[in-house]
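Heads up, the next two complexes both have chain A, just with different partners, chain B and then chain C.
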Partner chain A sequence: MTRLFGWTLLAAAVVAASGAPLLAPHASDDQFRGLLNAAPTFPHLVDDSGHWHRPFIYPWTLVSQLEQRYEQDRSTRVGLVWFTRGRLVGSADDSRAPLMLLGADSYGRDVFSRLLFGARISLALSIVAALGSMLAGVLIGGLAGYIGGGVDDLLMRASDFVLVLPAMYVALALRSVLPLVLASGTVFGLLAAIFAVVGAPFISRGVRAIVRAEKQLDYAVAVASLGAGHARLLARHLLPAARGFIVVEITMLVPAFIVAEATLSYVGLGFPDPVASWGTMLHDASNVRAFADFPWLLSPAAAMFLVVLGLNLVMEQSGVAPVMGAPVAEGAGRLQSE
Partner chain B sequence: MISYIARRLAFAVILVFTVSSASLVLARLAPGDYVTTSLGIDARRETVERARARYRLDRSIGEQYRDWIVGAARLDFGRSLVYDRPVTDLIPERAANTAVLALTALAAATLIGLPLGIITGSRRGGVAAWAIRAASLVLLSMPPLLTSLFLVFAAARTGWLPVGGMSAAGAASEGATFDLLRHLVVPAAALALPLAAMFERLQAQAMSEVVGQPFVLATLARGVPRARVVWRDALKAALRPVAAVYGLVVGTLLSGSFAVEVITAWPGLGRLMLDALRARDVYLVAGCAAAGSMFLAAGTLMSDAALALVDPRTSE
Partner chain C sequence: MTRHTRNVRTFTTAALAFVMAASGGCRSKPRPGGEAGATMSHGGDLVVSVRTEPRTFNRLAARDTSTDLVSILTQAKLVRINRVTQEVEPWLAESWTRSDAGLRYTIKLRPNVTFSDGHPFTADDVVFSFEAVYDEKTGSALADSLQMGGRKLRVTAADPSTVVVAFPAPFAPGLRILDNLPIVPRHKLEAALKAGTFASAWGLSTPPADIVGLGPFVLSEYAPGQRLVFTRNTHYWRTDASGTPLPYLDRVTADIIPDESAEILSLESGRIDMTFSSVAPESYALVKRAADAGRVKLMDLGVAYDADSFWFNLKPGAFAADARAPWLQRDELRLAISMAVDRQLFADTVFLGAGVPVYGPETPSNKKWYAADAPRAPHDPARARVLLGSVGLSDRNGDGAIEDAGNRPARFTLLTQKGRPSLERGAAVIRDELKKVGLVVDVVSLEAGALIQRILSATYDSVYFDPGTTDTDPAINPDFWFSSGSAHLWNMMQKAPATEWEKRIDELMARQIASPDEAERKRLFDEVQRIFAEHLPVIYFVAPRVYVAASARVTNLMPAVSRPQLLWAADTIAVKQ
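Let's look at the complex of A and B:
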């Protein structure tokens, strides 16, 4: 049951990210200058006199420019139109009364649309980075475990070292070596590479242990004596044994990377402004007044929570340790015992 | 045992040395330096060169690194370019703030997480165990970045607690400690809650494994009360996983406290390092890294000691 809930959350995130251009009522950089920090517009079915209508919204009218307070104009109903302009749903009068399900940010942009487009960047980045960690980790761990000796010592010492460092500071230091302002494509590649470096040791430690253990087993000896080369033995027979471990590790790295992107963007070292990612959206909300008065600006934080929760629920029910620290603990155990 | 301690100490020294050296070199390799970021791009060439010479940034990386190492050996970590004060004046206060935050969070997480983990791990079912487990799962999905955002929001909405900083302006001196404690609640809770959840899950797992072992059944069969078996005999055998994770938790705490410090405006090491990195203040960056890595080294040493206490096999 909880597992089903977890899968539902993940599926929703994937649908939101991949369907963003269709599902989002606006583009991620559409601005409504008259509606800075406006509250969400909820679709209604019944008007004040109790009559039923097709779904409609009330437009906002500005009450106080200074406090950015708005009031609903209950006298006019603006209907919703479906499947127009290539979008699933939108307001019939988009320029005057746009549909903003999660309100507007301080630039007057639709938070809901930005949340959907942001999901693309945040999720894609963390998945690419997790796959990068996997490639690097499997390569390092596989070689260390297979060759053994000095190579093993060197690679594992290096892995231990990165593992002990606080990941956030490593990412921060590596990021700030490069120019502070970069194009968004460059930032994507850069962050993915940095995260891959930080995440690789988590995978390499385990893969190394598994390859080392499997190499001793009868089947590996048999395959080698049948004439299989080193590369074939490693890639076809030993590494597949680590598949389960790698899947678990990736599901733990993805949420960590989502949060890392958000943290870096929050402090202004992530994506540049007009780009919508969950981190840049939080950056827009980064002052105290925004927290208290415009809570919908926190919706990227809620979205992050739901995705991470989904992953944790799915993992917990498949009988795998649901503990973020579990692989760390295992690594620590190994660290200490050497 | 002695060679074990020696090896761990050597690791700690190498850690501090490598991290601070690497951060100095990285900060120096970064495009632009303090002069270009502080004077802007339309400063005149002579002004820029004069400023570079004044801050001694006109040396090569090798020279600068050598001078820094020689100075660091005498505990002189250079002058901060932004604050124009010795780095050793700036760091201790900020490091102490981070330490207060991290240690409070660690203590709170241990006091909350361990007992709850023992309870959930030693019971099969029941509403209490189920509720604790659910709460842990929710909190595990909320890293310090999210907990601090939500807690700051709650504090700002209710007005019960201060939302940021370390002290209220104009607080009376006799109420200073109380004021500090009030400001500590939000950041420390933001850092402690996910950690407590992690401890709870780890401890529950270890506990449920130990409870299934024959010696527990045997002790119960001898007529020892259940509570005593769980809290004394089984607990002793189930402490290893959490003790093992303590050393790496320091890293997690530092990573987490970075996010918390930025969001709750807690004046700690993380914010100082962020500002130093942005301003290309090379010596301050290296100083912060040195201080941070000393925390790490101290943490790993303490966890080694804790682990050796819980499980003497470790040090063999």
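Let's look at the complex of A and C:
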């Protein structure tokens, strides 16, 4: 049951990301200038007098522009329309009462739509980067642990070097030598590469320790004595022992990379506004009023939590990783903490 | 952009100074402010917040906000511009007389004034301060604002209590210019000036006891990254109307709080009494709630004297090898942009409605110099498209974006400063508004240093930035208006005017600065604003309203629109005990 719940969460994330153009009521950069930071417009079926209707919403009326206070106009109902303009659902009158299931951000953009479109970038980026970290980390850690000696020293010192690099300053230096304007595809590739490099040492160190320890065990000695080659011994027998560790690291790196993307966006290395990603959305919400008055701006954090929860539940029930108490990838917070 | 930020738009109002000088002289006592006539509570601590560390304790070497705060609290000037009335007030200068048709001022210094270490203040300190600020090795942030067309004031000491200031050319604002220079102690800094190390003197590692001044407070503690603590200067020379020695406060603590949200929360919770910066529109609601609960006073000071500026790189040849050269520097492009942007929408989005549309460098708040009849470009996207078409930009492939004659997209980069919400949001609105007429704008946010470097080296397409103004008289801002100026944003420090209209502005401003007739000065500056509006080298959209807040226990405030809105009169601020 728990595993099913985990799969459901992950499936929902994938459906949301892939189906964003249909599911989102608005484009990610559509702006409703009169509704800056407006609260969510929840669909209703029953009006104040107790009468049932087809799904509808109440429009917001601006009370104080400077304080960004709105009141619902309960005297007016605006119906929802289905499968129009290429969208699953939307308001019958966007100019008067746009459907904003998770409210609006500080530019008057629909947070729900941006959350869906942002999922595409954030999930893809973090997954690609985490896989890149895994490949590099497994390769480096496996070779270091298996060969040992000078190769071990060289690879681990290289990993240590990456670990001690002040990632933010390196990113800033890198940014300064790049063109001012970068295409989104370039930004994606650049971020994925940076995250893979930064994340790889955390996996390689653990993999190296596990391979080194496993190599001494009887089963490994037996496999070797039976004539298995180095590559087979490493790939088929030793590295699988690190599977649990790798999965735990990946579940930690994925959300860390999502947030790190926001940090790099701040220094000009991430996706530029108005491109929606969970990281840039969270960056927009990084002020005290978001917590106090506009909590819907934090919905990307909730989405990240659900994705990570789904990953953990699936992995736990697969018997490869504990839900809690897993070793935390120290790299998870490096970019955003510096 | 050192010269630029040092000098950009240090406006002051010249009128009264000139009238007073023209009448043959001035002799008065500085007026106590606010409720100073009433019995003020003596003593108490005030806690303010600043966002950044000071770069130095030497105001002559840097002009960042926190260094300015240190200077305001610990130093004094010969004259002070009252930020509320915009009048010149005698300060360390007790009185003065004018001669040689306004080219020469003989200033009598206030007697019995001593520095905070007890050393007497004399004319030698004034002469020394000018020597220090003009010294090339100092590279002072203030030097340009104390020169006229590159020529320095000649300052001599007639006797220990008399200073003679000679202007190189007629200068209508007169001694108002002296508000730019804090007087520093010769006995403490002369050795550094002689050794050529004045610029590094009074660095952050200097023991606070060595920072000596004529201001109301002395620096008593500096905890890097945490706070600056100032205590009462027991040698301060000023008293209130009832003869009570100033300042009223015993201590001012400046907490260093880099984050604006944290700053506002601190104010709301009572941990600090006021912020050095004004309250941003997005923080207004939080402060308003605290004000409604009686914990703070929230003050609407009116429309700011300045607006954020948008300009293109107009340096001749800057785009010589660029296919956009035929249109990127054209007047029509700038006029089209001015028409394409809905200024009311801009005000609503960027300043949450707390701003007024503006069309030139002077805002309606600057009643004396604002030209209400200068041409304006009304919001008219259709007309903007026609103008863009006149420089060869039109939608040739029907995709909604416009292209040049070679079918290349009409696209340019807009640089702005990172971490400044009003600038970043403003740049986003400009991008979105221009998209509606087919122009593609790539907004790039840069750290302040990187942005300034690009402006100085003229390696940019366009910039949206806040050069900042502190006062109102255009004569005090020659660097902006003259083509040779270091703050002539769009094409700095020209050897000769690059265009006929800049040449005309140079001529008009030269007459405006020198004219003794205030009406003539106004007429000349109106003409300058008209030419400016026709060519739009800088486009302005909205001037924000200025809000400030202070704890309810703070009294005797004299809020002013110009910066620093509250602390400019720190010696008369008091707190309820």
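Criterion: the second predicted complex is superposed on the first by the 211 of 338 C-alpha atoms of A that agree within 3 Å, B and C clash if a C-alpha of one lies under 4 Å from a C-alpha of the other, contacts with A are read in each partner's own complex, and residues count from 1 in each chain.
Definition applied: a residue touches a chain if its C-beta (ideal position, glycine included) is under 8 Å from a C-beta of that chain, and two chains touch if they have at least 3 such contacts.
If you're wondering where the values come from, they're calculated on a predicted model, not measured in any experiment.
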item: Contacts of A:P255 with chain B and chain C, given as first, second, both or neither; value: first
item: Residues of chain A touched, compared between chain B and chain C (which is higher); value: B
item: Partner chain in contact with A:P274 - chain B first, chain C second, else both or neither; value: second
item: Touched partner set for A:R33, first chain B, second chain C, both or neither; value: second
item: First (chain B), second (chain C), both or neither touched by A:A292; value: both
item: Chain B versus chain C as contact partner of A:Q68, first or second or both or neither; value: second
item: Partner chain in contact with A:S106 - chain B first, chain C second, else both or neither; value: second
item: Chain B versus chain C as contact partner of A:S176, first or second or both or neither; value: both
item: Overlap of the chain B and chain C footprints on chain A, listed as residue numbers; value: 176, 180, 266-267, 288, 292
item: For the chain A and chain B complex, residues of the former touching the latter; value: 161, 163-169, 172-174, 176-180, 255-256, 259, 262-263, 266-267, 282, 286, 288, 291-292, 295, 298, 301, 304-305, 308-309, 311-313, 316, 321-326, 328-329, 331-333, 335-337
item: Touching residues (chain side chain C, partner chain A) in the complex; value: 260-262, 264-265, 281-286, 288, 345, 348-349, 352-354, 413, 415, 418, 424-425, 428, 432, 442-446, 450
item: Residues of chain B defined as touching chain A within the complex; value: 15, 18-19, 22-23, 26-27, 29-32, 137-138, 140-143, 145-146, 149-150, 152-153, 156-157, 163-164, 198, 201-202, 205, 241, 244-245, 247-249, 251-252, 254-256, 258-259, 262-263, 270, 273-274, 277-278, 285, 289, 292, 296, 300, 303-304, 307, 314
item: Chain A - residues contacting chain C, complex; value: 31, 33-34, 36, 64-69, 106-108, 176, 180-181, 266-268, 272-274, 287-289, 292-293
